[in-house]
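Alright, structures below, take your time with them.
Both of the next two complexes hold chain A, though its partner changes from chain B to chain C.
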Partner chain A sequence: MQRSDRQLIALCAAAALFGHPALAADEQDVPVTITVVPTASIAIIGTTNLLYLEIPPAGSTIPASGVNFAITGNANASVTAEPDSFVSIPTFDYPTGESMGRAVLNGNPVGYRLRLDFPAVGPGAASSRLPGYEDGPTTPPLAANLMATGGTRNGRIHLEASPDWTPTGGLPLPGIYVGSVTITVTAF
Partner chain B sequence: MVAVLFALLTVVAFATLRASAADRATVHVNITVLPFAAVDIPPDGNGQGTGFILHVPSKRCSILGAFLGLLTGAWTGPWQNAWSRERYSEDNYCRHWFADWAWPVIRPVRIPFTVTGNAQATVTVTPSSFLKLVTNRYLGKALAQNGDPLGYQSVVHFPVPSAGYAWLRGWESYEDWNDWRGWGGFGSLPAWSRWAKLPGINGAGTPPLSADMVLRGMKAWGVIYIVARRDWTSNGKPAHPGDYAGAVDLTITAENR
Partner chain C sequence: MTMRADPRPAQTFEIPLKIQNTGVGGPKRIQLRLVELSQGDVGNWELVEPGADVDLSGHASSLTWTSLSEDSVDIDPQVPATIMVSMRPPANARGVYFAGIVAETPLPDNPVGLVVRTRFLIPLIVEIKGRTVPERVSLVDTSMTFASAAAGGPPTTSAFITVSNAGQTFSRVRGELAIESSAGDQWRVVTRVGIDERGIIPGATLILGRDLERRLPSGKYRLRANLFVDGRRTPPLQKEIDFEGDPSADIAFDNTLLLEPGNVDVKIVPGATRTTVMRIANAGSDPVQIEVLAATPRSLLGVQMGELLGTDLSAEPWVRIVPSTFSLRANGHQNVRVISSVPDNGADQPNYYADLVLSGRYPNGQSAGETTSTIHLANSSVPSSAAGNVESLSAAEAEGSNFIFNLDFVNVGNVDVIPIAKVTVMSSGGEALLSQALSDDNTPLLPLSRRRFSGELSLASIEPGDYSVLAAVDIGAEQPISRRYLLSIAAPEGSESAPTISLTDPASDDAGSLDVNKDG
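And now, the complex of A and B:
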């Protein structure tokens, strides 16, 4: 006698003992809903998340030395970047003051611009910058369909700075000016 | 009747790679401002950048000089030896008697420049080429179109007291600088406003002059003077009238204060 037969006999005996009629197998289907929400995550590529630039001369990290990142997800992803604080710098385009990212040394600021590339290369490659006329994230938001490329697209963020990007237009004192930028990715 | 139910239980799962549909990353920004200084030389005035033209004017005293020589006995006739003729030439009469009129001076060239910076700025001026004078002293070398050389002295004043600073009145007249003894004509200057000249050594520029650009409001002004005399030649004979072209190298360095 097989082990399963012995288990069935025991089960029936138990049913008889407790007054139940002879047991028969039954099944019922239960609807199952699996909701997969759009998701996206960001990871910095490489060992550093530091945007570094020496001035003078005026310059930028374009094209090679920006910070690279990878966006991974299962849907479309939209990416923006925003400095942690802003400073108004008179420039040619905005004589009354361009809203730039703010890096600080001993309370003295210098301004910087951002360029966000996403996707950085390949089909649909696009760039965005800070709005300039107001504080806020890079515009426009840059979107890409992640599934079209196996769920991942790479992006890059760049820094641009000039020694005369100070609130007065004067020269900043030597030293290291510090700030930070938040990159936000949203799935949809 | 008690229904016994055997159900196939299935776990309803919400599959998410992350807890939400948005994610963030922080990128740090470091902007290193280096100590620096930059110089701007307007291409106008007497100089074209750091190039310049020294004009040796014609003499006016050929006849008058000889006449004065006769009167004063300085020129004693054709029996003079060559050394005497050279020494008591008409040039010397002109210089001696009617210097300003008869021997017009070589006007100095004035090259103003502006320095901007955020650190300690140091300036030196070096001629692009040097000429050895009969005195064994080396000065800058300017050349006429035919290749004749003329020596020149470079005097750099940095920082000058103000943007509109010019040399003192009278400097363009003969006696003020033709018998140059070290440019006392700067007058009374603030302690931070200094000047330097070529040391007379082959290849050596002016001693360095420094300014704290922060104390100067990140901007300071300077002037290079190019000064020449007719007899600053390799053989000591007066240079022929004409234009002599030269150039100096202006070197500026910056370092932390």
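And now, the complex of A and C:
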């Protein structure tokens, strides 16, 4: 994947190297230090960083959409995904309500589930979901050793929606619903 | 993506944090804030949002005495922005403190659809110089689970160790696990695996696992686990389990794959090609599919000395293995050629290294084990020079009058060494009072690589007062590489109380002594 194919939210955070004098002692004075330069960056692959949640007219199928991303670095990277807000939606499995991500159109919310794949393919490929098997505001963390695969592993964040996932169980208004999902990257 | 500092109590200091926009379009706005930092089951860092229902007992936070110079910054492409992180630990600060720096893209003003934002969590780890804190890191359990294909991936078995930190140190842990199956009155080793090293914060319990890359049938198994804390072996744990595995599987034991010679040393000349023959033998009773590859050693990744990157010392780009895949029948063998082609230009270092990774699989796809050795390309036209630095010496409280000393050593030469470390407590007159060898793994340490040595020392026989500790590492040079620290032993208040100590570095008296490190 060429750089030009990627969304411009590719960021790289690295703790800066302090201009600290070399370690010195009475037994030695070697003006050399080894620094570890850990890096981790995330780049959205493709032309959009949007997960479309467009509710079509009743009777249609909600189109599935996903956003692909690449994590590059030289350590173990951990990734989670979380919605910016939540809504409780009664479902077949949880009639009392399950806490889903919340998207809004004209003040009317719908719920959505998240699926995070990281690494999306290859050795160690794994998925986590929200709501999942564990309580928490984010998908369970998925981790990969970036060093073992040349420094980059690709991931995918995917939306699952249903026309029934409204707080009342009624049909939602057609249109594009608004919200945000945050992917958190950390090295460990 | 970790920031570390080791100030004195009540010391005000700043650390610069650089953030880059690696895009090629316009500037990007990044919002910054500080959060509480916690640790997940597998050792991953987790941020704790304000008001979240998370148990942070046993956790030391630096949040109340840490601040950022900016809470929002516009970053042009390829031009790093610098944010200053200011800290002032309280006068009674002791041990290690944590916080997280969150750098995230903001929500657009007029979003359409569900916008995907990105966020970095940068751990901030502050270890206070001076008085020691207790180390209580231990192995508390070991287990094994089977994941069927319904879990999403291929069916496989994973084994785990559970590690708890009931002390106040931020320690590094790694493990070893042997999985054995019951065969009548005997136990037969199925496989041995290592658990990668990572940090564990005070109050955390980690469940660290490894995919065994094989299905195992139900039955009785024995798990034998070893834990190394800061390089020091702790008491092992052994547990017999009734395992519920794959009823359709047969046990895939590790096969015995022999590699001769054990390591490959090649004298190279820039512009020339050299070939070495290795013999790979299958000493097992089943055929296996073999894959051999050269890889950059892990310890060379992500390190830098001046302009020299660790990857500049990798032999991987110049090494080919022929053939790299083949089948080996039971008790069969195969010769492979290790072909080193070094270019005319660019080979200006005296030594280059690569891992030779030999992995086997049974015809049904299950792992038959893995063997690793080292390829060393020696360029005799450039002289080798062995050198090292004692980066730091720290101490933690163990039981009674015992203290654990951790020595961090780094190879700043251009050739691998086998370092041997010890600490010696000396009187003010220079007399050696106590000496203790520190543990290590006795394997070569590649250039630009670090190693932590650790050992326990009883100070019961030393009177309260001021002393020095000499941290010395022998790398085979004329003189050991050493560094002297000041040790202060305080008198216990009661006759039954253990002494307290303070260890300081007289050569590092400024605010920084800053290390930016990665923690796995």
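Methods note: the second predicted complex is superposed on the first by the 133 of 188 C-alpha atoms of A that agree within 3 Å, B and C clash if a C-alpha of one lies under 4 Å from a C-alpha of the other, contacts with A are read in each partner's own complex, and residues count from 1 in each chain.
Here is the rule we use: a residue touches a chain if its C-beta (ideal position, glycine included) is under 8 Å from a C-beta of that chain, and two chains touch if they have at least 3 such contacts.
This one's a predicted model, so the numbers in the text were calculated from it and none came from an experiment.
S.K.: In the overlaid three-chain picture, which partner chain does A:Asn76 touch, first (chain B) or second (chain C), both, or neither?
M.R.: second
S.K.: Who does A:Gly175 touch here: chain B (first), chain C (second), both, or neither?
M.R.: In the superposition, A:Gly175 touches chain B alone.
S.K.: Of the partners chain B and chain C, which touch A:Ile157 in the superposed model: first, second, both, neither?
M.R.: both
S.K.: May I ask you to decide whether A:Pro141 touches chain B, chain C, both, or neither, giving the answer as first, second, both or neither?
M.R.: second
S.K.: Output check: A:Ile45 vs chain B and chain C. Expected answer is one of first, second, both, neither. What do you get?
M.R.: Neither partner.
S.K.: Which holds for A:Val67: it touches chain B only (first), chain C only (second), both, or neither?
M.R.: Both: A:Val67 reaches chain B and chain C.
S.K.: Counting only touches as set out at the top, which of chain B and chain C does A:Ala125 meet: first, second, both, neither?
M.R.: After superposing on A, A:Ala125 lies in contact with chain C but is clear of chain B.
S.K.: In the superposed arrangement, what residues of chain A touch both chain B and chain C?
M.R.: The overlap between the chain B and chain C interfaces on chain A comprises residues 20-21, 23, 25-28, 30, 32-44, 49-54, 67, 69, 73-74, 103, 112, 157, 159, 176-188.
S.K.: Which residues of chain A touch chain B in the complex?
M.R.: 20-21, 23, 25-30, 32-44, 49-56, 67, 69, 72-74, 81, 83, 101, 103, 105, 110, 112, 157, 159, 161, 163, 170-188
S.K.: Applying the document's contact rule, which stretches of chain A touch chain C when the two form their complex?
M.R.: 3-4, 6-18, 20-21, 23-28, 30, 32-44, 49-54, 67, 69, 73-76, 78, 84, 103, 112, 124-127, 137, 141, 143, 145, 147, 157, 159, 176-188
S.K.: Under the definition above, what is the set of chain B residues touching chain A in their complex?
M.R.: Interface residues on the chain B side: 1-10, 12-18, 20-36, 38, 116-119, 213-214, 218, 256.
S.K.: Any idea which chain C residues touch chain A in the complex?
M.R.: For chain C paired with chain A, touching residues are 1-3, 15-26, 28, 30, 40, 42-47, 49, 52, 75, 77, 80, 82, 103-105, 107, 111-123, 152-153, 196, 198-199, 211, 298, 301-306, 387, 389-391, 410-412, 448, 450, 470, 481-484, 507-508, 510, 512-514, 516-520.
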